[in-house]
Amino acid sequence: MLTNYKEILDKSRRRVLALASDVLTAYELTVAASREGDPEKASEARNLLKDAHNRNSKIDNEIIKTLALFSPEARDLRVVIAYLKITSELTRISDYIRSYAKKVKMQISGEMELSALRDDMNSFLESTRKSLEAAIASIEAESEEKLENLYRKVNVEESKCDDIISILEKNILQQICVNPEDAEDMVEFIKSIRKLERISDRSVNIVKLAYFAQKGGKLKL
Amino acid sequence: MAKQIIMDIKDFSFRYAGAPKPSLKSINLPVYHNKITAMIGPSGCGKSTLLRALNRIHDLYPGNEYKGEINLLDLQNDTYFNILKLKKENELIRLRQRVGMIFQKPTPFPMSIFDNVAYGLRLAGVKDKTVLEEKVTTALKGSAIWNEVKDRLNDSAMGLSGGQQQRLCIARAVALRPEILLLDEPTSALDPISTGAIEELVSELKKELSIVIVTHNMQQASRLSDYTAFMYLGELIEYNKTDKIFLNPKEKLTEDYVTGRFG
Amino acid sequence: MNRLLLNKVILVLSTLSAIIGIVFLFWILATLTIKGLSSMHFGIFVHDLVNGGIRNLLVGQFTMALIATAIGVPLGMMAGIWLREYSNQSRLASVIRNLSDVMMSAPSIVIGVFVYALLVSPVNHYSGWAGSVALAIMMIPIIISTTDNMLSLVPKELREAGIALGGSKHKIILQIVVKAAKVGITTGILLAFARIIGETAPLLFTSANNAYMTMNLNDQFPSLTVSIYNLANYPDAESRDLAWAASFILTMIVLFINLMGRFLTRDKG
């Protein structure tokens, strides 16, 4: 294998993994910020991901160059296409995390009565985290067995997130009925949770892409 | 670090003896030091003709007409001289020791493997047996064929496979430590595995010398080269960094060729 | 239907022709062998013609053929190399090639007469030198043609590869090109040798014959072929038997050299 071909493939892989790792770190920071009431952590999370779109473009351009110059085939081709799409998913996820981190900062500085929703919220955040973790592990995984396990895991966590979101929304609507003056803030809150919910959806996509890269078949997201 | 030009082709035109029209028209092409420059284009575009002008091998067949300049850099005193002006046989010999050539058909000489690699060295006057052995070993190692032939250096070179013979020819050429290596479709007569081996070899050789390769295989050009020249009907249509040519060619003709829409 | 019939007819006719040719060949060989072997006795290899043997004739024929080779091969090869490597496309080259081809089919007796006028008549006696020269003249066109053709089979890339390494033209030709054609050229030389060793007419008026063993080339020189010609015409049975034996031995020699040539150019695996 030509050294420059190998190098460019390795470079793309490193970049994707670095972005993925930063996404997970930023998510965990944001959740911690919310739990501990620490706006610093939320800022740090936003900072970590502020370049996500640029990094996405860099990865995209490198992959386009790889396709033009080296005509990859079989697994190499699938991996490179998967990286292209996984990066896109990761960038969207980073957008959700950044907007949630912004809300968290406002939440901490402002006043919102949310203690009743605390438990559900924590479960939701934890399931989202697990799905994200599974997705990022799948980018590096190579064995069919491992990938299938991660696929199962991410699907489980994603349906949990779906369920909890419905419960949360019901509870919030009840809260609005009880305290109509909080309606505006509550609606904002629902919006930001909705966005977070998309993280687990996209995590499922990432695992499907990782599976496609290693095992082939037809792409179906 | 500024790109150093090792061979500057300036307004170069070429006409074969007795041909009604020139085969090359006003070519301007700087060849960069320690880089791989590929020349691509459809059959008859003049890429091999241009390559063969770079070591004056056309002179084997008298009557050809040159116009313009091909300036070779003298690395020692950093000046250029026009190789088209060389007339004396020993000057041409000296040129060919600095600008080596590999042909499409592997051309092992009818002698032992050792003698093949030592041939150019002996022509250059190297007689000392230890020096010859050392240079031959280095050349064979540097051409990724040492392990396959180290136990049979005295066997005839004709017994090697096609891919091995071509690597032997490369060893023979690099034994002279040329500054430029010209490759005329070096892998078109070989199977994919031998082709891969030679491409890796060429990629490594770039560290020590400058390479100009003619290929009709576009993927080979895109994989290997740093700069690509697209030629058509004797003219240089476009010359640029390889990733630009294959991603974003400026000329429509280039794009048509590269996307397979030619003809 | 017509075509199939025609096909069969042609097949039958060509097979018959081949058989006829082979039949005659074997008839000749058989006759030679029978008549030759029956007349052979160990003595013929020990005695000279004067004593009823052919020892001096064998030595003489080979000697002249070898001298002819020593003259003809260098001249022929150099001419062939010049034709192919130095002046390939010129008008002069094609004229020389044509002349050489004509010479190959020149009547051997004419060559003999030519050498007679040149080397025998002025000094008024036959000589082994004259015979060797006549044989050499016969050999040269064959060597020229073989060398020329064998060199043309060497791919031009080989020459270009040599030049590309910084070789001068004459070094490339001698060290690479001729070496590459060496098997073909050697076979050509061998076959030319086989040809001239069986020639009679060029020797008739040049070296004539000698019944005694001699290595003096200034004198008439013993020749196997001329002897067969003479012996076959004598009335006595002994001479004719000797002629048969000599013919058989000559045929075997020529056959052997030809087979050696085939062996050298065999398809090596």
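Read from first to last, the chains carry the letters A, B and C; within each, the first residue is number 1.
Just so we're on the same page, a contact is a pair of C-beta atoms (placed from the backbone, for glycine too) under 8 Å apart; a residue touches a chain by one contact, two chains touch by 3 or more.
Fair warning: this is a prediction, and the values are worked out from it, not measured in the lab.
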Under the touch definition above, the chains in contact with both chain A and chain B are none
Select the chain at the greatest separation from chain C, using centres from the mean of Cα atoms. A
Using CA atom means as chain centres, which chain is nearest the centre of all the protein shown? B
In whole angstrom, what separates the CA-based centres of chain A and chain B? 51
Between chain A and chain C, what's the gap in Å when you average each chain's C-alpha atoms? 92
Measuring centre to centre with CA averages, how many angstrom lie between chain B and chain C? 47
Contacts with 2+ other chains: residues of chain A: none
Help me check something: in the complex, which residues belonging to chain C touch chain B? 155, 157-168, 171, 175-176, 179-180, 182
Which positions of chain B touch chain C when the two form their complex? 55, 57, 60, 89, 93-94, 96-97, 100-101, 103-105, 107, 109-111, 119-120, 123-124, 169, 172-173, 176
Where on chain B is chain A touching in the complex? 199-200, 203, 219, 222-224, 242-243, 246-247
Okay, in this complex, where on chain A does chain B touch? 1-5, 64-65, 68-71
